[in-house]
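Here chain A shows up in two complexes: once beside chain B, once beside chain C.
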Partner chain A sequence: MPTRLAPVDVLVVGFGWTGAIVAQELSDAGLKVLALERGAWRDTPTHFAPTFDQDELRYYWRYELFERLAHETLTFRNDAAQTALPMRRLGSFLPGANVGGAGVHWNGQIWRFLESDFVARSHNLSRYGKVAIPDGMTIQDWGVSYRELEPHYDRFEYLCGASGKAGNLNGQIQAGGNPFEGPRSREYPNPPLQLTWPPTLFGEAASRLGYKPFPHPAANLSRAYVNPLGVQLGPCTYCGFCEKFGCGNYSKASAQTTILPVLMRKPNFTLKTECEVTKINRDSTGKRAVSVDYVDASGQIFEQPAELIVLCAYILHNVRLLLLSGIGRPYDPDTGEGLVGKNYAYQITSSINLFFDDKIMNPFIGAGAHGMICDEWNGDNFDHSRLGFIGGGYVGVVQTGARPIETHPTPEGTPSWGGTWKRAIAENYLKTMSVVTHGSVMSHRGNYLDLDPTYRDVYGRPLLRMTFDFTDNEHRMSDYITDRASEIARAMGPREIKINKRSGHYDIVPYQTTHNTGGAMMGADPKSSVVNRYLQAWDVPNLFIMGASAFPQNPGYNPTDTVAALAYWSLEAIRSQYLKSPGPLVLA
Partner chain B sequence: MRPPPSSAIGALAAVTTLGAAIAAGGVCGQPSSGGAGATPAAQLSAAATSASEQGRYLAALGDCVACHTAKGGAPFAGGRPLQTPFGTILSANITPDHDTGIGSWTADQFYRALHRGIDDEGHHLYPAFPYNYYTRVDRADSDAIFAYLKTVPPVRNAPRRDQLPFPFNIRTVMILWNWLFLRPGEYRPNPAKPSAWNRGAYLVEGLGHCGACHTGTNLFGAPKTSAYLRGGKFGDWFAPDLTPNPRKGLGGWSRADLIRFLKTGGNVHAAASAEMGEVVDFSTSLAAPADLEAIAAYLADLPTSPPATGSAPPAGQLQAGEAIYADSCSACHRAGGEGVPGVFPPLKGDANLQQANPLTTLHFILTGVQSTPTAARPTGLSMPAYAWKLDNQQVAAVATYVRNAWGNRAPAVSDGQVASLRRRLVRPAGQLAAPERSGVLSGPTPTTLAPAYTDSRDNGTSDAGRAAGSGSAGGGGSGPSNGEAKSHETGDSQASGPG
Partner chain C sequence: MTSGVSRRRLIAAGLISAAPAAAGATEFRGEYPWTGGAAAPAGVGGGEAYVFFTSAEAAFVKATAARLIPKDDLGPGAVEAGVPEFIDRQLAGEFGHATRWYMQGPWSAGETTQGYQSRYTPADLYRAAIAAIDHACRREFKGETFAGLAAADQDAFLTRLEKGAVELGGIDGKAFFEMFLQNVLEGFWSDPIYGGNRDMVGWKLIGFPGARYDYAPYVSRHGERLALPPVGLEGRPSWRPR
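On to the complex of A and B.
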């Protein structure tokens, strides 16, 4: 029998970005908040100190900051006809472990989605007609609009001290910014990062071709900053170790560098680490979550009651916890019925390597979101008529830092090993750069998450099973924007280029992005969504589910800004409405 | 059973920050002679409330809680180990517990302890309890502090106070010490100076006992009058010169800078950490603006210490130091030593760096340091440890370089100075490097009694840095793996603590 503990007002499951935001806001509201994190405590001076933080072998190749698959993994297959097998080594995506979650090792690419992204279904139908949405594509509108989220995007960007240049201030297009973005209420809190040569060259070439390049919005700090909570951040040193690394210079926004110094001082907040939630318990009506079960580091099992439970785990774990707890109806791809696990989506990326003879690029100088971008082919920024796909992505140079073990681009035709390979790397390393594309993935009835019938975790619970493949829509889109990227790449005047399109089936082995989405999607009504527009579970009103699990499909931008904006949006509703009158915030 | 005979123990030298330690005895609740003698009960109660509120403030200015609270222990319940050159002593319980605290003391006895270093039973206290400073505190303030201490929750705790080795364990030794060094008596205002100056002098010389750290001491651990507030060695730190010396004192700081530092724990020049961080957190951040103004006015009027002398460091050492600096330090402190004001302290012109004694600089480099988080500056920005990464010669070179670059000037550091400190800073085997943190970091609570160093000595793992540091101190291969903290608990919930 689990040991039953004293109840708390709010229980936060998982302590990454959204967990820290939720705990900060609801403890500010005077509630007694407890966060349960299955990983360990992590802080900047202890665990990400700059004396050892830039250790590529340890952090990337040995997965220091990522989930331990020996503890829990998932099974994977491309389609329902295959038998899913457990993933035994991380690859395509790298969910974070420990306090701060993946927000510790993100790049800091802090994007807003387009206004049309939030109404993907109705917008595409109205512009292109029924032909735009092929059979099997299950995209939906979000139930929340860009304009509703704008103040919450703004809030997160000021929390992070985002560096960038607005392209649209209250409807006025601004030179030097992204002219396609939705209206911002004010400028970024900090100016754009300084640019090295590769993004500068890209910007010049794109401008010559008539496009409107702009600096990548960055949660890497271009200057010292004190955020609205009073937490200090330092200027980025362009060391090139953001992606897959923590930041020891206090220059990349994370829970640790923006919220925890304030949150951890509060007497009404408690964090318990190495406590893994295994189940959400409901009362006899099934309409109310009463507690969670969790296992601590010693293997002891506890039951923690709470008035309000907020799931803030990584999307895959949010969905799995719902499935394991029997909350909501699991999605069945054969009938199309059920919602939990439906509309799992991802992103599709490609790249072009450029090789120069006469330009020393110093590619080791970088920052996670240091770059120049063209947004001409994202979302519905361009006419998709007769293109045979919807969606899009951004194109640009993002010089995150050419870390030496990871980065050894060689020209077409170079052997993949041996002396010639080594010489090619030595000759080209300083003179190469890449143009990348980062594209959307529309949801599809065959892509989903459910519980694996065979494989189980250390506690004997079924693993999550992922069934996913790219569809024709994604390949056509990605090929199209890769061609546009190649045109800009050629305009930069390299000796040669090498185009790396994403072809064939989705492959879970090579790293692509940690942008998994869906499975507990938000929407306007309980027939088509797991959570309402405030991320409140339709079936269990005192359960809220944060994170990208709420995305009905995955737009062509990095998700963190939207994940955080949705959290603040939800929290505003919790604070202004739910706490005064607990119950459904949207009547079904 | 009485408590151990001597409750207030100090050390023969100015040791940790400050402490007020007192012993037990006397009749509970007996009004003091100088206090409200035969006040009716109701009035006494009202008077006691206001006196205790005033006393709470004064106790904060005296920073009593810092020394009199053990890590993880109840406030004022004593038991914090204070390192002195003569041995370690545990601070006294000054909660109003009748048997083990000061519950049975009288206000007279309390005043005598403050003024003469003598406890309720007539035993001599050691000046780790800085009665040689508290003797300047006036009677009314003494009574107010006493009234306040009577209001804190009594805690039964009897730290083993007498652990000093022979001959320092003979308390009557202090009679001689007091005869030689103690000049008892309340502060007497200087009529030639403004009242703010006098208030500042009263606080700095008395309750604040700044000289306990910032004044050099003689062989007997007594402050050297001639070196008043010109910097002092204090454990493994060197507390800097507080006179208006432009190079190594406060001469480069405006009064507003100093007030900001004392109020918030940081300014554009520096961030408070380690022992001074505690002083800010427990004491000066709670001081009234007028009192901080007074302290600043008084310090600005101190006679300036003489300029440093000495020959220029060897060119080879400076060259090596410059290269190490570029590699290891310049990302935060910047190539020109200008730092990032308010975030990463500038080294150019930094006073702490240019003390004749490099102890604090070496300590920072070896163990790293975290600025003390305060309510005004909650971030706790930190510098990583280099003990595992740089050997003695390298630390000496880079320390010498930063002490002499960009117009700085201070004596060269020898490898031996680094080696000596390194030996003293080796962490005992099996001891966790990680400061144990808690959610309640604000205000005078024991949870802020965290070590100044950062856990980067362990390279972010239980022992990864140790291999790299073998032969140097962070490593030295000392001990088995330090298990990582198993649970991070905050707030009041202890329910699951797997420990």
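On to the complex of A and C.
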């Protein structure tokens, strides 16, 4: 029998970005908050110090900041006809581990979704008719609008000290910003980052072609900044070790650099690390969560009761915990019934390498969200009539730093080793750059998450099983925007380019993005969603589920800003309504 | 209400001992946990003597590394950079033992999109594949091991290995080649603290300035060949007293 502990007001499961935001807000409301994190404590000076942080082997190739698959992984297959096999090594995506979660090793790419992204189904139906949504595409509206989220996007961007240039201030289009974005209530807290040559050249070429390039919105700080909690961040030094690394310089927003210095000192907040939640327990009605079971590092099992439980793990773990706890009905792709695990989606990316004879690009200088972007082909910013797909993505140059084990592009036809290869990398490394595309993935009947029938984690529990492939819609969209990106690349005048399209089946081996979404989607009614528009479980009103698991499909932007905005939106409803009268915030 | 996890199962799985457990969680409240002077620097991997490879294996690894990144008029190759010693240390450590990988069965080859599905850890794979390759070479080249072949024969053999066209008695030669090539690149370009990239020759070859902290003064110097000398996590040799 587990050891039963004293109850708390709020139990937070997982302590990354959303866990820290939830704990900060609800401890501010005077509640006694406990966060359980399965990993260990991590802080900037001890674990990401600039004296040893710029270490490509340790942090990327040996996965030091990422999830330990020996403990738990997932199984994967492209379609239900295959047998899913375990992801034995990390590759396509890199879930985080320990305090701060994946928010420690993100790039800081801090994007808002488009107004039309939140109404993807109804918007596409009304603009293009039924033909826009092919059989099997299961996209939905979110149940929350851009305008409702705007103050919460703003809040997170000011927490982070985001660097950028507004393109739409209260409906007025602003020169130099993204003219396609939804209205912002105010300018970014900090100006854009300085630019190296490659994004500058991209911006010039795109402008010549008549497009409206703008600086990539960055949670990398362009100058020193004190956030609204009183936490100070420092200016970015462009060291080129952002993505897959912690920041030793307090220049990349993370839970550690924006919230924890305040939250950790509060008397009504407790963090317990090395505590892995294994199950959410409910009362006999099944409609009330009463506690969680967790295992600590010594293998002792505890039951922790709480009035309010908030899931803040990575999306894959949120969904798995629901399935392991028997909460909600698992999705069945054959019947289309059930909702937990439905509408898993991802991101589709491609790139173009440019090789110059005479231009020194210094590709090692970089920051995670340092770049120039064109948004002409994102979402529904362009006419999709007769294109044969919906959705889109951004196109641009994001110079994150060319760490050489990962980034050493060679021209088309170069062998992958030997003297010819060596000459090619020696001649080209300083004179190359890349244009990238970053595209949406619509949800599809055959793409979903459930529990694996065969493989187990270290505790003997079923692994999550991912069934996923790109559909024709994604390939057509990605090819289309890759062609547009190639046109801009050629306009930059390189000696030659190499186009790396994303063709064929989804492959879990090469790194693409850690933008897994869906499986516990939000929506307007309990027949089509797991959580309501406030991220409250329809079936269990004292359970809230944060994170990208709520996305009904994945728009063409990086998810973190929206994940955080949704958390603040949910917390506002919890503080202003739920705490006064605990119960469903939306009547089914 | 029962949990999906039981103490009995954890004991059976060897995760915990049957003896009364020590405190297993760390609790933080009311203060920002930080200890002065504590840090988590990387382990180091230098040294000359092999700790994992046998002499026959080392001969294969040196010969192969020399073909993948040869020494030439551009400068030192993988062997001169210390790549064989780097790989030796990696195989003797966490990477070699696949400590972080999921290594539970059942085992099945699967589709290429499902990734690495071998039951071999990297250390096991190197051991088995090198023996099988030398065996295949002796059969094909009148008793010669790979290291004894002429450079042109070595290149032709590696080209076939890369394509999966060498029969190695059940060992996936293509997967081994991919891992080997990746490890060679790691040894050529990782920080010198791990034993490879000796004298930062890998970084010098391409113009990568290494583990630098601050490029802010250089961001807007567009198109300039900065020629910053590389620096590693332990500085560079010229910083040390002679």
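The rule we apply is simple: the second predicted complex is superposed on the first by the 588 of 588 C-alpha atoms of A that agree within 3 Å, B and C clash if a C-alpha of one lies under 4 Å from a C-alpha of the other, contacts with A are read in each partner's own complex, and residues count from 1 in each chain.
To be clear about the criterion, a contact is a pair of C-beta atoms (placed from the backbone, for glycine too) under 8 Å apart; a residue touches a chain by one contact, two chains touch by 3 or more.
It should be emphasised that the depicted structure is a prediction, and the values quoted were computed from it without experimental measurement.
In the superposition on chain A, A:50 contacts both chain B and chain C.
Using the contact criterion defined above for the overlaid structures, shared-chain residue A:274 touches chain B and also reaches chain C. In the superposed model, A:250 lies in contact with chain B only, and not with chain C. Once chain A of one complex is fitted onto chain A of the other, the partner contacts of A:491 are absent, as it touches neither chain B nor chain C.
In the overlay built on the shared chain, the residue A:232 is in contact with chain B alone; chain C does not reach it. Residue contacts after overlaying the shared chain place A:173 against neither chain B nor chain C. By the touch criterion defined above, A:76 lies against chain C but remains apart from chain B after alignment on the C-alpha atoms of chain A. Using the contact criterion defined above for the overlaid structures, shared-chain residue A:5 touches chain B, although it does not reach chain C.
Of the two partner chains placed by superposition, only chain C is touched by A:91; chain B is not. Measured by the number of chain A residues touched, the leading partner among chain B and chain C is C. Comparing which residues of chain A touch chain B with which touch chain C, the overlap comprises 40-41, 43, 45-47, 49-52, 235, 237, 239, 249, 261, 264-267, 269-275, 296-298, 300.
Residues of chain B touching chain A in their complex: 328, 331-332, 340-344, 368, 370, 373, 375-382, 384-386, 388-389, 434, 437, 439-442, 454-456, 458-460, 464-465, 484-493, 495-496, 498. Chain A meets chain C in the complex at residues 2, 40-41, 43, 45-47, 49-52, 54-58, 61-63, 68-70, 73, 76-78, 82-89, 91, 194-197, 200, 235-240, 249, 260-261, 264-267, 269-275, 278-279, 281, 293, 295-301, 303, 324, 359-360, 362, 364-365, 402, 404-405, 408, 416-419, 422-423, 425-426, 429-430, 454-456, 458-461, 505-509. On the side of chain C, the complex with chain A involves touching residues 1, 3-7, 9-11, 13, 15-16, 21-35, 38-42, 67-70, 72, 74, 77, 94-95, 98-104, 106, 108, 110-117, 155, 158, 162, 181, 184-186, 189-191, 194, 202-203, 205-216, 218-226, 233. Contacts from chain A toward chain B in the complex involve residues 3, 5-6, 8, 34, 40-41, 43-53, 99, 224, 229-235, 237, 239, 248-250, 261-262, 264-275, 296-298, 300, 302.
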